[in-house]
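Two complexes are shown next, each including chain A; its partner changes from chain B in the first to chain C in the second.
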Partner chain A sequence: MTKDNVQGAGEEEQQAQSKKALKKQQKEAEKAAKKAEKQAKLAAEQQEADEDDFAKDRYGICPMVQSQQKLDRALVRVQDLTPEKAEQQIWVRARIHTSRAKGKQCFLVLRHQQFTVQALLAVGDRASKQMVKFAANLTKESIIDVEAVVKKVEQKIESCSQQDVELHVERIFVISQSEARLPLQLEDAVRPEGEGDEEGRATVNQDTRLDNRVIDLRTTTSQAIFRLQSGVCQLFRDTLINKGFVEIQTPKIISAASEGGANVFTVSYFKTSAYLAQSPQLYKQMCICADFDKVFCVGPVFRAEDSNTHRHLTEFVGLDIEMAFNYHYHEVIDSITDTMVQIFKGLRDRFQTEIQMVNKQYPSEPFKFLEPTLRLEYKEAVAMLKAAGVEMGDEEDLSTPNEKLLGRLVKDKYDTDFYVLDKYPLAVRPFYTMPDPNNPKYSNSYDMFMRGEEILSGAQRVHDAQLLTERAMHHGIDLEKIKAYIDSFRYGAPPHAGGGIGLERVTMLYLGLHNVRQTSMFPRDPKRLTP
Partner chain B sequence: MPMYKVKPVSPADIKIDVPSCMYKSPNVHAHGMNCGEHALQNGEVDPSLKALEERQDEVLRRLYELKATVDGFAKTVTTPDADLDASTPSPGPAESVFKGTADLDSLLGKDLGALRDIVINANPARPPLSLLVLHALLCQRYQVLSSVHVHSSVSAVPPPLLSCLGPRHIDSYARQRFQLGFTLIWKDVSELQMKFSTQSMCPIEGEANVARFLFRLLGAEPQDPVAATQMDCWIDKAVFQLSEGGSKDRAAVLRSLNAALGRSPWLLGQEFSLADIVCACFVLRAGQTTSAPVNVQRWLKSCQNLGHFDCVYPFLQ
Partner chain C sequence: MCQIGSGVSKMALRELSSLEKFLGLKKPNKYSTQGGKKVPVLQNNNGPSLIGLVTIASHLVREAKRPELLGDSAERRAVVQQWLEHRVTRLDNCSKEEVKVILKDLNQYLEDKVYLAGNVFTLADILMYYGIHHIVVELAVQEKERYLNITRWFDHIQHYPGIRHHLPPVVVLRNRVYPSGHY
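Let's turn to the complex of A and B:
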């Protein structure tokens, strides 16, 4: 290094420094300029915002409704917005389904349960720019109150349920705001599976739905499913009450397991433990011995089965029937099948809208049945299966695939999705099943199937204490545990029979869905305890 | 205890002067006799009364028998080939007209220990009358479990259609006791359809074709190919011209029926056959039987007399 170089470097340094300083200064100047610009812009906007907001009092966020005042205002439901109300000025409370701003206009779709309607907010003499901006920024799912004029439209709005009208908004207030980020989008939740894969759009998988059940239940499909389920329960009750049945409530905390020791939940009961009822079987029968003749009960059933299948839940709603008969248990089968047929007819005639709505997302064949219900005997079923190539013994129980195949064969021949299979082999039924009088290998028991899956298992019950004791011993059951049960038949018991169905399973099979969790509001299975 | 004795009103032996031109009858009041014994001793009157009574009974009985025989003959004359029991005065259910035999196993497949169920899907707007007649004939030959169902595609069906196969059999709870099942389902179908064994048989469509299948089960098919062809020809005429054709076609069929029935009592000659069943049902369904030609009306009356068509009349307007 020479002095010159050092000097040169120093000079360069100085030059560089000054260059650097220059650059720095330039940068700072730029920043300051930008900041000033921004501030000027904001100021300008503020000015804009302050000036000309003539619509200030026609929109906003309402304070939380703590019942401060009692407004005498009639709110019209979305489903009642029809061309008859054209030109009327009405108030509507609904959720924001979607909102889309386009220049000086904002298109909102308002939704209430299954019904949607389009609403339009345009800058004009009633609405200011700020109001339109406010509407466009509202979060989805917020609940709003809207005052609007109902207008008829010439072209039908295909995407909404109310296709002939739209609302021209005059006032818009937020009653309850929703968080901006939703865990799942409602359009995705309603999209059919195939469509999602094809167009690359998202569908929501079952676990996400069940974790955020509150939002998932808002979809049109879920609303339709559970309204239909409510219809099933109501038709069940109405039909049985008309037949002279009495509704009873049975205890769910019991001292001994009724069906078998394996699948029962234990609860701690003060100093001892008790069990949650697996079925109301014992108590239904005791009611018959207590002269109620025809009883039914609707209540929860708890099965601690560690099966993670599409059709098992640990807790479900059981609809159970028990009936005393005169001479033959077929009187009871006829009564039960007639009840089921009345339920199917009621659903077919009164719930078509709901069925169509579910089919949009989950297409399926309509449910077919015969009146009076088809009754086949177990031997016929075995013959049909053998003719179709299945190898099975005459007294073997039907496995699930065989049941499904049998369902398809019966559908082919008789075109019905619902039928009864009578006279099951005695070996595969519980100890309280009455054996067949003519053939000791068979029993007076029956199963009912919907779309090839079993929904009801029933039988004529043994009503004689001695025979019951023999059968229990034959099955190796501890007599001490069922002493109270056997005792109820010692003081005169009428011959009786019955059966029970699961509400969720029946709804699932009627609609042709594939997983019972879709028809259970807050399902319980071995892996899920909340919500 | 001695019986109460009435004291004699008049002494027993009174001498009366009786004119000799009168008949003499024994003294009723003679001591120690009562009327009954007296009647027995007097043999000529009572046995002859008895004999008279017996003769009267005999004559009356023979008269009734004769009347019944004449009635039977009268019916036989108008319905040849019918096998009516001439001694029963009231017309009971007709005996089976067909005497042939049919092997159910070869026609319907091996019996696997389960009820062999024939399923027929029909539209309630067009009840299959010929199949109802064939059902009645089958019930006479075999033990048939009949049932009627309404499919969910139809909302309501008039009550006569629900009981068209007759009352429910007492043993219907034990399906295995029957040789054959006959299940009629009222359904919203465009064409009548029959299903039997879905794995090995395709469904049979059309009332006439199902009728041909069921007729085979009675074992009464004509063995002679000419007769069999004529039978098929008549059935096709009934299906295509009587029910599906216009009024001109119908008139033409009625004329040819009239001509054929002028030559013989039944369409195929002396034997009652499926051709008569199908054609009669289609003619009855087309209506206006009172304006049909003479031979056709006579033939329809014969069919009615056979008794198999009773199930059909409730469905004609």
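Let's turn to the complex of A and C:
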């Protein structure tokens, strides 16, 4: 083929192309003209309609609320809409959960937090055709103010939380408009796994949910989870304060790693570097040395472990306890287990609605516990596992599958989801763990388990500077870096023990959920830094 | 023709000697192996040599005058043959992915049976037990519970007098520890 030929072909192609482009342009112009025409017609119609719309003051889009006026208007919460309010004229602010227009009527489901109510607009002497049309065209998740009369209904409305009443809307104003396309549908996000498979309905996978966390948090399940989680924190605080504990705040930017140097985040700190705290361990111990006796601390904890599992986060909320005791560290175990039992009881008694809401999407058996809490020794646990056919050494650490199996064996034997495992082998615990006086291979340390997964790790700490130095050297720790810590035990230190609990794990395991990201509002893991 | 996967080939000879002991044969036979797959071979004094696990095993049963172990009716004989064939063709050559399917099917089959051939003990139980041992020994407690019927049958056979011999016992829990249907 010659060069000319190639060029010729090229030109031809170009011509063909320009012809095509011309046609396209023409078409587009026609389209635009048509569109403009249509719009003009629509506008004219709208104007015409507006002119003879008797209800045009009863609906519309409110100007942005910039705090121009203080309206003397009481807004009733959706959850308070009960038959006692029947025939009353009230104002409600809520989101549009769903809307469905049917001829001259429009049904809305209004939602506020986890509560929903049905609202009805019908063409009549209070609402015009245009008003109903306006309501039907409102986008899902928009926030509206509605004036309505509460009416009792004859048949219960199964799909709403307020089943005995509905609202007959008289005015409807948009406070904040949502974009038409939502990144995920709320109904899809609360559908139990497996259900709806036959009907070909979608469920939303976890990553999509977390990417659009703000919307996902609006679901009834999320609302219930995080209300219950707030309850865990509150019960923890209340119980401990009643026991005479003092809440402390500790720094999260620290100069040395507390539990092995491998899994800490390093941050640049002016001309040097620092670490993000893996636990408030050293600080709560220093508070004990400073005569605070019983302290606790609620705050973020950081772990730079690159593990992508269902129960690891790189930042989580730690509930930490440290307490001086008189003669035996079991005094501390008893105090901590009692605190946990108080939390379980409080959740069971005060958060039943939330528990049931989560159960709807994620069914699980109710959480069981004993009073007093079951305490097993590590040796007994190893014996139970061996009897079940597991091969492991006496001083070997528990692997995750063995941990879970032990949980099942304990549940079968004692019927409890919560227990303490005492006297861990010394070799698998951090340097500040007090050795067992009767058997130097074991230690005065313990873990607590919920549904077979670890939620708390604790121990009696070494409060003697001499022994502490020995243990640190045995673990190959640079004494220079923990000098301040060791020195705090030189001027009289009471015997003490403590432990740290992960808030997200407690919530997850109490509710029988399967992933810790479900109980972290904005989870952080090796692969997720946003939102 | 019988084939034995190379991974279990060593076991085949020990399996035959355990079978001899179970059958109460006084004089132990001498075996050799043949080919890359190490198929067991029995030199027979009275005729041509016998080749293959199932062939030799059936021969030993006849020699011990225990023909009922091969089935006491035409129908049962067929079922026994079917499981013996299943053992050497499916079980001995199966890949990791196939194991699950085999366990699932066998579990379902054993739901209403004490032994593989119904309510009588046969050679099929012995050879299936020997052949599946290395799989069951690796199962976690939760899996043993999932394949509940296999576990029951397996535990029964391993405690059947004179069967286990060269194989280590497998621990079986008598009570269920996992909530049913929660896997």
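Odds and ends about this structure:
As a convention for this text, the second predicted complex is superposed on the first by the 479 of 531 C-alpha atoms of A that agree within 3 Å, B and C clash if a C-alpha of one lies under 4 Å from a C-alpha of the other, contacts with A are read in each partner's own complex, and residues count from 1 in each chain.
Convention: a residue touches a chain if its C-beta (ideal position, glycine included) is under 8 Å from a C-beta of that chain, and two chains touch if they have at least 3 such contacts.
Being a predicted model, the structure only gives us computed values, none of them experimental.
After overlaying the two complexes on the shared chain, residue contacts for A:388 are found with chain B and with chain C alike. Of the two partner chains placed around the shared chain by superposition, chain B and chain C are both touched by A:409. When the two structures are aligned on the shared chain, A:401 is found in touch with chain C, with no touch to chain B. Contacts of A:365 after superposition: chain C is touched, whereas chain B is not reached. The partner of chain A that touches more of its residues, comparing chain B with chain C, is B.
By the touch criterion stated above, A:328 is placed in contact with chain B alone, chain C being left untouched. By the touch criterion defined above, A:207 lies against neither chain B nor chain C after alignment on the C-alpha atoms of chain A. Residue contacts after overlaying the shared chain place A:374 against chain B, while chain C stays out of touching range. Of the residues of chain A, those at positions 387-388, 409, 412 touch chain B in one of the two structures and chain C in the other. Put simply, chain A touches chain B in their complex at residues 328, 330, 344-345, 348-349, 367-372, 374-377, 379-380, 382-384, 386-388, 409, 412-416. Interface of chain C with chain A (complex): residues 140-142, 170-173, 175-179. Put simply, chain A touches chain C in their complex at residues 365, 387-390, 401, 405, 408-409, 411-412. Of all residues in chain B, only 112-115, 117, 119, 121, 147, 149-153, 155, 173, 175-176, 183, 185, 187, 195, 197-200 touch chain A in the complex they form.
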